[in-house]
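Next up: some structures, all given as structure tokens.
Common to both upcoming complexes is subunit A, partnered first by subunit B, then by subunit C.
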Partner chain A sequence: MLCMSLQAGEIPLGERRSGYEFMGRDTRAMQDDDSTNPALFWLMDGETLWKRKDGVAACSSCHETMKGVAARYPKVAGGRAVNLEQQINACRSERQKAAPLAYESRELLALTAYVARQSRGMPIEAGWNERTEAGRALFTRRQGQLNLACTQCHDDNWGKQLSGTTIPQAHPTGYPIYRLEWQDMGSLQRRLRNCMIGVRAEPYPYGSAELVDLELYLMWRARGMKLETPAVRP
Partner chain B sequence: MRFLLLILPFLFFGKALGDDAIPASLTGAKGDPQRGRAIVANRQVGLCLLCHSGPFPEERFQGNLAPDLRSAARLTEGELRLRLVDPARANPQTIMPAYYRTEGLTRVAPSLRGKSILTAEQIEDVVAYLVTLK
Partner chain C sequence: MARVAITAPSSAKKGEIIEIKTLAAHVMENGFRRTQEGALIPRDIITQFVCTYNGVEIFRAELHPAMAANPLIAFTTVATESGTLEFKWTGDNGYAETQSASLSVS
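Here is the complex of A and B:
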């Protein structure tokens, strides 16, 4: 019961830094140059899927630009937070009458990256809302066999070396990302589950309310920072 | 009354004081410092070098979230044992995991529930290694 609530300092707004700034020069260059960013292939697939009729319509039958949209997700409706992947799947099942896409499937990552790419460079617009506190509670709660909270690494010890890795501030600015360690594209939820597995906790399932609440809190924490999707991370 | 005033501080702080060391071996036997060194250096078993640095010239990447392990020299064997078993008893805010405690944890991965990070034998091996740093 000791220290159930940690008084970890939130990072002052002016000291926030994207994971990009903790990367080496080569990895930054890979992200910056569209022709070397491995996410290019997912963006191309995403564009194809966007325009292709699936079920009764294509995404492009209903929508024109998606500029700015990713900067405003997750969204809260009816007391529940919905992230971009879930919104895409909601459109698929309700409007296109097509089967929802599985989490981490190439198709869902491609469509999400294609949509989010259109907000690249735009500031995250996230207000505090009814689910944000739930996300913060998860971020500050110790968990797993190692009994560590996200905040202990990402608010209190960012910039330090965890073995050979510099601990970033955990901003969700670049997702979906191409991660060199994965040799693959991955969603923000994949990343969050990785950190939970790292502290030897039982990760929440993809699409669970807990992971979306965490996403919501991370977006609030990164409010005003620029989106950089699709980012590259080591 | 006088007596109460005298012992009052101990009523409050006695636990903290008493909790600063675990003098007796968890197994009743002495650990093996060689095995202890290997546990400390192993990133899947001891995990110590994720956060700490220490006299391991062969290990390239060492952490800097925590003091160098050579600072253990100022602690007694019993103090070291407590800091492995449950470091929160020495510092409630610590980020160092408890290596021999299974209760009071949240959402532990199912395959690890009820298991401590190290066994009693491994704790004694690590303690035996740490006292060699004096």
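Here is the complex of A and C:
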């Protein structure tokens, strides 16, 4: 434990709320009923891909269940944080000897959703380490032409209105999500890049160490909260 | 890859109102958007959805360009007799999907 002290803006554990709780009734109903959540297409595709032999083997040739795995990601190995998408791609290239899948491709979102769905309802497990520290530094640093830090919106002003939307607390509990605005499924990194573009900052590229560190910090910030993958968001 | 999904009860009591929910995986490209180079992206939408119950049409919907991708259509009907519910989506560029579900009524 390097530093667990409460920062000025940090949300007390008991006051944390998933983005779900800031949504309207219709959007919540869409998430509550698996048969009305369009993410079901990605889950079905994910299951097909999971069982399909690609390269030398199928995911299912080596793995049985993925229960609990998504609740522990990103994981830190050798001083580097690796998120779920990257772990899946590592298995594709190293174990299956197949080509890695592009970020935000339908296939990678489908496999990630299929794996993460198996941890739905499970509490996020995340310890503190030097990558989390790096993630927090990014979260609290002002950036972009608007010169705003993530913490200013998500720790200090959550619950308030910003041009018609309620600012949520930025918990990564539902990813990958089906987002109504995108009319599509998207990863946590896509969401983070959206917020960076929102403050007119140059977003970090998909898969960059910075985005994975941020993911890791968000998971630590949401430790103990339950996963709801695949969530629906406005 | 999965294209349509139906949620309907497999059995019901005679006279019972049953809810049917359908989703179709579709971009619903509205035909008004342009690429970064300014070229119009052609319209590509589902235009019609029809449900029949033992061959008799019980529900029909016309779909239009302002509708969201992956449209969700939910409706109810009265369970009258055992048989088959058939679902058909049609649209631009020869899009056609069918699906069926059987219902036993007691």
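Everything that follows uses one rule, which is that the second predicted complex is superposed on the first by the 226 of 234 C-alpha atoms of A that agree within 3 Å, B and C clash if a C-alpha of one lies under 4 Å from a C-alpha of the other, contacts with A are read in each partner's own complex, and residues count from 1 in each chain.
Keep this in mind: contacts are C-beta pairs under 8 Å (C-beta built on N, C-alpha and C of every residue); 3 or more make two chains touch, one makes a residue touch a chain.
This structure is a prediction, so every number in the text was calculated from the model and none was measured.
**Student:** With the two structures overlaid on subunit A, would subunit B and subunit C clash, or do they fit side by side?
**Tutor:** Fit - subunit B and subunit C, as placed by superposing on subunit A, sit side by side.
**Student:** Contacts for A:163 in the overlay, against subunit B (first) and subunit C (second): which applies, first, second, both or neither?
**Tutor:** Once the two structures are laid over each other on A, A:163 reaches subunit B alone.
**Student:** Would you sort A:77 into first (subunit B), second (subunit C), both or neither based on which partner it touches?
**Tutor:** neither
**Student:** Looking at A:180, would you say it contacts subunit B, subunit C, both, or neither? Reply first, second, both or neither.
**Tutor:** Touch partner of A:180: subunit C, not subunit B.
**Student:** Going by the contact rule set out at the top, does A:142 touch subunit B (first), subunit C (second), both, or neither?
**Tutor:** first
**Student:** Compare subunit B and subunit C by how many residues of subunit A each one touches, and report the one with more.
**Tutor:** If we count touched residues of subunit A for both partners, the winner is B.
**Student:** One more residue to check, A:197. First (subunit B), second (subunit C), both or neither?
**Tutor:** The first partner, subunit B, only.
**Student:** What does the superposition give for the shortest Cα distance from subunit B to subunit C, in Å?
**Tutor:** Subunit B and subunit C, overlaid via chain A, are at closest 16 Å apart by C-alpha.
**Student:** Just which bits of subunit A does subunit B share with subunit C as contact spots?
**Tutor:** none
**Student:** Tell me, which parts of subunit C touch subunit A in their complex?
**Tutor:** Its residues touching subunit A are 1-3, 5, 7, 21, 23, 25, 27-28, 68-70, 72, 74.
**Student:** In their complex, what parts of subunit A are in touch with subunit C?
**Tutor:** 30, 33, 35-36, 38, 40-41, 44-45, 48, 180, 183-184
**Student:** Over in the complex, which subunit B residues touch subunit A? Could you list them?
**Tutor:** Contacts found on subunit B: 43, 47, 49-51, 60-65, 88, 92-93, 95, 97-98, 104-110, 112, 115, 117.
**Student:** Show which residues of subunit A lie in contact with subunit B when the two form their complex.
**Tutor:** Where subunit A meets subunit B, its residues are 1-3, 6, 141-148, 152, 156-157, 160-164, 196-197, 200-202.
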